[in-house]
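One chain, chain A, appears in both complexes that follow, with chain B as partner in the first and chain C in the second.
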Partner chain A sequence: MGLLKQIASRVASMLGVLVVLTFAVYFIQRQLPSDPARVLAGRTASPEALAAAREQLGLDKPFLLEYFHYLGRLLHGDLGISVTSRNEVSSDIGTYLPATLELVVVAGVLALIGGLILGVIGARDGWLAGAVRFVSVAGASAPTFLVAILLLLVFYRDLGWLPAGGRGDALAASEPTGLRLIDNLVHLDGAALADTVNHLVLPALVLALSPAMAIGRVLRSSLRATMATDFVRSASAKGGSWPAVVWRHGLRNALGPALSIAGVQVSVMLGGSVIIEMLFSWPGLGNYLSDAIANSDLSAIAGVVIVLGFAYVLITFVVDTLQILIDPRLREPV
Partner chain B sequence: MTVPRVADNLPPSLRRGVTRRVLAAGLLAATFSLAACGSGDSGTKATGPADQLRLAVSSDLPTLDPSTVYQYEGNQVLTAVYEGLLSYSPDSTEAIVPQLASKYDVSKDGLTYTFTLRDDVTFTGGRTMTSKDVQASFERLADKKVASQMSYMVMGVAKYATPDDHTFVVTLAAPSSSFLSLVASPFGPKIIDSDVLTKNAADSATTYLKDHTAGTGPYELTSMTKGQGYELTSRADYWGGKPGFAKVSVKVIGDAATQLLQLQGGDLDIVTGQPVATLDQFAKNSGYKVAEYPTLQKSMLHLKVTGNLADVKLREALRAAIDRDAFTKQIFGTHAAVSTQMYPVKNVPAGTAKDDWTTDPTALTTLAAGKTLTLGYVSGHARDKQASEALQAKWAAAGAKVELVAVQGSDIYGLSSNLASAPDMIYETAYPDSTHPDTWSRLFWYSDTAKGNGALNYLVGGTKEADAAIDAGAAATDQATIDADYAKAGDLVHAQASYITLADMNDSFIMRSDLTGGGHWLPAPLTLDLRTLKRAGN
Partner chain C sequence: MSDAVARIEKLVVQFDRSGTPFRALKGVSLDIAPGEIVALVGESGSGKTVLGNCLLGLVPGGHRTRITGRVEVGGTDMVGGPEKDKRRVRRNELGAVFQDPLTSLDPTMRVGKQVRERGATAQRALDALTECGVPEPGQRIRYWPHQLSGGLRQRVSIAGAITAADPGGVPSLIVADEPTTALDVRVQDQIIKLFARLRDDHGCSILLITHDLGVAAQIADRIVVMSEGEIREHGPTARVLREPQHAYTKKLLESRLDIAGPLPPASVVEAGEPVLTLSEVVKDFPAPHKRGEKRRVLHGVDVRLEAGESLVLVGESGCGKSTLLRIAAGLETPTGGRADVPPAAGRPQLIFQDARSSLTPWLSINSQLSERLAAAGVPRKDRPARVAELLGQVGLDARMAASRPRQLSGGQCQRAAIARALASSPGILLCDEPVSALDATLAAQVVDLLDDLRRSTGVSLLLVTHDLAVAKRIATRIAVMTDGRIVEEGPVEQIFASPAHPYTKQLLEASPSLAAVAS
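Now for the complex of A and B:
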């Protein structure tokens, strides 16, 4: 199978997963006994008003018929109306997504860097490697919630170095991208950039912690196996220092599994951001989802799940494709 | 209505008890308590600028449109920016006081309400308020494009009239003894600049008012970030004089523990919706004070009158097995009072519609033998679950087997239409929209749900006779008859034992000790009146 055909096959598989996801989301949404029409119409709504709300939300039609309508609307970017905000869900998601994206991207970068450092140091013998392994296990076992509180107590309450939450100055530029790091740079606003970074540090660190440990553990194992292979040992025997050999020969061959787990971890971070956003008052999709769940706002819940599901599938696809491109062994024979 | 930060868009009455986020705070209460104990008063950091107030709300406002926000905490922003013709007294009593109306008259037949408007009121932007603005705002509440959940408040209006710029006349189709209380309700009609409504008439200004304000309040919105917070600035031309703070920051902080951290870190001045242990801990710290206000929030049980609980003697036995003093102390500490009436506080005269019993669990042992009863509570409400477990334990000690059932958020609405599968009992805490007994009895007790009444009568309690008494109270025009009719409805429901009231809950705010003068409206939970709040020495 050619490379393009292999990628096309993954695209088809990705689309299939998305259709199944939308069906599952819609099916669950319709099976729940919650009555979003009542939430929309209000407690004192007349039966007529309730019926109108039910019609507006598409709850008055047969399941399959409405599912296909729903799918059709999805293809046009229409995720329905939030019964809480009364906005288009796609509009709400557009408002909150940049904050989550920024958090997850920064946390993802931190996780990759942290995982790389932990993996490389942990792969070597000695007390430092032992310490890193200990930290990796401890870090992976520590509940995110408690780590967040601990960091807040130390860096916010006691030392006063970092803010406790929020995304920074409300008046700072949030255009054109909604990603403040970029927007502050575009507007050459150093003070706002520093403020944005200050607000990002704690939530991004907490969100990155567990994925960094996971990436580090996989990289360490993979690197140790690679460093034990004949060609790497030959390179070492030629006089290359350990760091040089790792850099030139070890990492390139050990990165595959780490890249794979990194893809999964970044996807997991999207889901994990819900708790982090709540703890750090981060105005992103996680907080939006949290409120939507509390309000039985099914359109909003479904919209966020579909967006996150799409992101998960997309990241997995990108990682798979990258792996195929990097490692010819993964390509299927023509 | 209900409690702290749950479903933002659910009717307030459905937002019961402590929210899911308080669970987190509960888990961390011990941590903070230890920290606070260890540091004594040193946990109090310096306040921010003296002329700035920093508050937290636990969930974001879905919109800033005063005609559609039906959310407790949203009122903290909206009542600072918008005002109604009347309001409740800031001393947290049932007294209704003038706000944008300097006075009002009610005709003897109870049909015509004439409001005399203040002539010194301006909107943000400087335009003077007239009766046209008032009429447009009242009409907007019933506008189908707006789809306001509070539209019921003006559904009984036959016509409006504005004989001059400062007179606004409302004529009802039939007498409604609750009308004034609804006009004064924090969820009632708020006056919006009609120029804004005219300029945005295409969609009844629903889009514009989502993120702009056009009110007469002491503050105006100067910036907002969805999901993060709101910045309010005091208005120089506010008719009521200069408020105590030049700026008010309202931060959206979902987690109760994080709110506490920011309070301790000097970034917040006031937090609310905190667990009892946290309130008690902060009350001992001289850097803070815990301000308590009575509210209309009631802790109570709904009971089926069918199935397992068809026998009124069993319902009475369940009631008699509850030691309300112990229950209230266990669940609410000193932050609630034992309920004595079927209605929330100040709804009906003291001594009427009594909900009294003598604690005696003996009858339950026999009557509940061989039965397994179910008690539902709203999932995610930590304190509701705790209260339900306390009731379960009490009944178990008397020999009754009761299983707990978590009910999901808005599922509770559907229980009445599928009563057979509903729990035998539901525990909740709830508020009405105003101090008028109709706003409680018509929602919770009205048994004929066909016309939209009894929307919160989840287990279909109440009787036709009680319904008739409620209707008679609504239509009455003299206070003695009104009181007698609603008291009768309460007595009938008490006799049916379909509702058991447990406690009247307080609003508790932890605030920095240098804050003074905080006003509170009895029907406005989780909301302080910012007109009177000040920082000492400012």
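Now for the complex of A and C:
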């Protein structure tokens, strides 16, 4: 099976997962004792207005048709209206998503780099590897919120180097992408860029910490196994040094399991960002979601769940595709 | 020999095995002359691979390994010297070929790039592949390792080993660690001849590490016999094989199963009832990476196994012999045809190649045997006596009942596995390469044990092997398989005296034998 064909089949299964996800979200929403029509029309609406709202939402039809109606609205980007903010959920998500995206992407990159360094150093024999293993275990077992508070005490209260929270709205541009790092680069605004980075450092670091350790541990053990194989012995017998052999043969062969765990970890980060956003007053989807949960704002919750679900599926797809790219045995026929 | 390519002097290598020191080499000295092929022969654990790794300067075990003595290649110290010098020697003067061609090439790197790893040009890689007998090297250079057969992969490995950094240079020493053990006999024969040709064309020395005196006999100028970290005997090949001096060498020679060995004493097998009948068995497997497509591995095979006889299926890897055995055991369903075992014969029992992994690691031998006895309906009070009896039958001490598999040697594990198979008093034992993973001395014992059991208990044997020498020692009848078909079948005497099918003849010719040298 060729590469394209395999990717096509992954995309198809990805769409299938999304349909199941939206169905589950809709089903759960309908089971709850809350009437979206009344939410839309308002508490004091007349029976006629209520019926109109019901028709508008497609709630006057059999369940499956209702679902397809809902799916149709989703495809048009209509996620309903939030009772808390009284805005369209999609526009709320448009406001909050970039902040979360920026945090998770930066933290994800940090976790990958950290995991790579920890994994490669840890794979070699010697005291440095021992130290790295110790740090990995310690880092992975430290609770996120404790580390966050500790870092805040040191870098905000005592040293005063970094801000306590927020994204640094005062200076920053938020066009064209909403991702401040990129927006400020586009506008060549050095001061705003520095402010953005200062605000990002702590939350991204805390969010990246435990995933970096997890990726590092998996990469370390898989790299150790790879470095004990005959093809690595062959490469060493041809005069390659340890770093050269790791680079040419070790990493690519050891990367598979590390990629799988990285995919899981980045997905978990999306969920984990809820706590981090609260700790650092980060104006992102996590804060929006926790407000929505507190106010039983069903449309908002469903909207965020669908966006996060879509992100999970996308990450899984990216990881699968990378696996096919690094291992020729998965794509080229025998 | 002052001009030796490699010189090993009083080499001692001591590993740390979870706290206890273990001496893999106990003061070994060896010189290899230019253009010489030295065969280093020994059983597993003899230290022969450690010696090869020392020559390459790749001693495993980390910082707790202690090495004394000297290893010099081209005048450079390969154990104590600076890493930079060792790497230079490896790039220019050494080549290495390892046992398993499936794992000794990087699966994520194209073949050509691996051959050129030491910086040779593409043209040089092409020449090396051509020289090593890789057909259509211009295309193959772009292949991934998994797209090549085992034999071709080993040729690629050898091409990489002879392509030194120095343009046009061929290493002065090639260390080949069991380079043919994982290959079929016909391919093994070709690879051995390839090594001989490389020596003749380039004058490079070869250290051939092998467990098989037969392979050594085919090619080596000199044989060095090792056991337990010491050299027991060394000398010119013909001398060592004809007039072995050391008791250990004699033992190796005597126990070796050889196709020139004697036939087993004729056993009186009365044309009995069939205990297993396979008729027109066809088996398809889904083709890898091709959804919906099938690959046919058995094309209508007939097998009739009679009570008390020993039928050996001989064939190379991929011929379908193991699949056939699994169908006979009821572990696979045939796509077409029938597999019949009359109820009286009982459920056939299987014995596998890797005995240790076929035993449950956390259960004592006693529990594993008792479990089978319970399943066979033996009352609880009778089981201890039966366990002792079974262990006695396979030549294990009754005290070993309390042991767990990891406390037993490979040979003892296989005996325990045979005892477990016998627990239900089966009419048929199905054996899949039962001695391929064992050292020569043990292999002969286990083959003889199976033969004795058949003669004493009347159990029928259906045994699968790639090794005609094993077949000769134990078979009453031999069936030769290739490409999912039985191409020749007959009594053991007939197959060896007058093979009819060209494939059988090829197998016989390619099987390494001491007969040519030792007589």
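As a convention for this text, the second predicted complex is superposed on the first by the 289 of 334 C-alpha atoms of A that agree within 3 Å, B and C clash if a C-alpha of one lies under 4 Å from a C-alpha of the other, contacts with A are read in each partner's own complex, and residues count from 1 in each chain.
One rule holds for everything that comes next: contacts are C-beta pairs under 8 Å (C-beta built on N, C-alpha and C of every residue); 3 or more make two chains touch, one makes a residue touch a chain.
Predicted, not measured: the structure shown is a model, and the values here were computed from it.
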| item | value |
| --- | --- |
| Touching partner for A:234 - first (chain B), second (chain C), both, neither | second |
| Contacts of A:166 with chain B and chain C, given as first, second, both or neither | first |
| Partner chain in contact with A:326 - chain B first, chain C second, else both or neither | second |
| Partner chain(s) touched by A:198 [first = chain B, second = chain C, both, neither] | neither |
| Touched partner set for A:252, first chain B, second chain C, both or neither | second |
| Contacts of A:96 with chain B and chain C, given as first, second, both or neither | first |
| Chain A residues touching chain B - in the complex, by the definition given at the top | 32-36, 38-47, 82-87, 95-96, 99, 145, 149, 152-153, 156-157, 160, 163-167, 170-171, 174, 277-284, 287-288, 290-291, 294-297 |
| Partner chain C, residues of chain A touching it in the complex | 1, 125-126, 229-231, 233-241, 248-249, 252-253, 326-329, 332-334 |
| Contacting residues of chain C [partner chain A, same complex] | 56, 58, 62-63, 83, 87-92, 94-96, 98-100, 103-109, 117-118, 144, 146-147, 157, 160, 165, 175, 288-291 |
| Sites on chain B touched by chain A in the complex | 5-11, 13-14, 19-21, 24, 28, 31, 35, 59-60, 62-63, 68, 70, 147-152, 206, 210, 223-229, 231, 251-255, 257-258, 261-262, 264-265, 267, 380, 408-411, 413-414, 418, 443, 450-452, 455-456 |
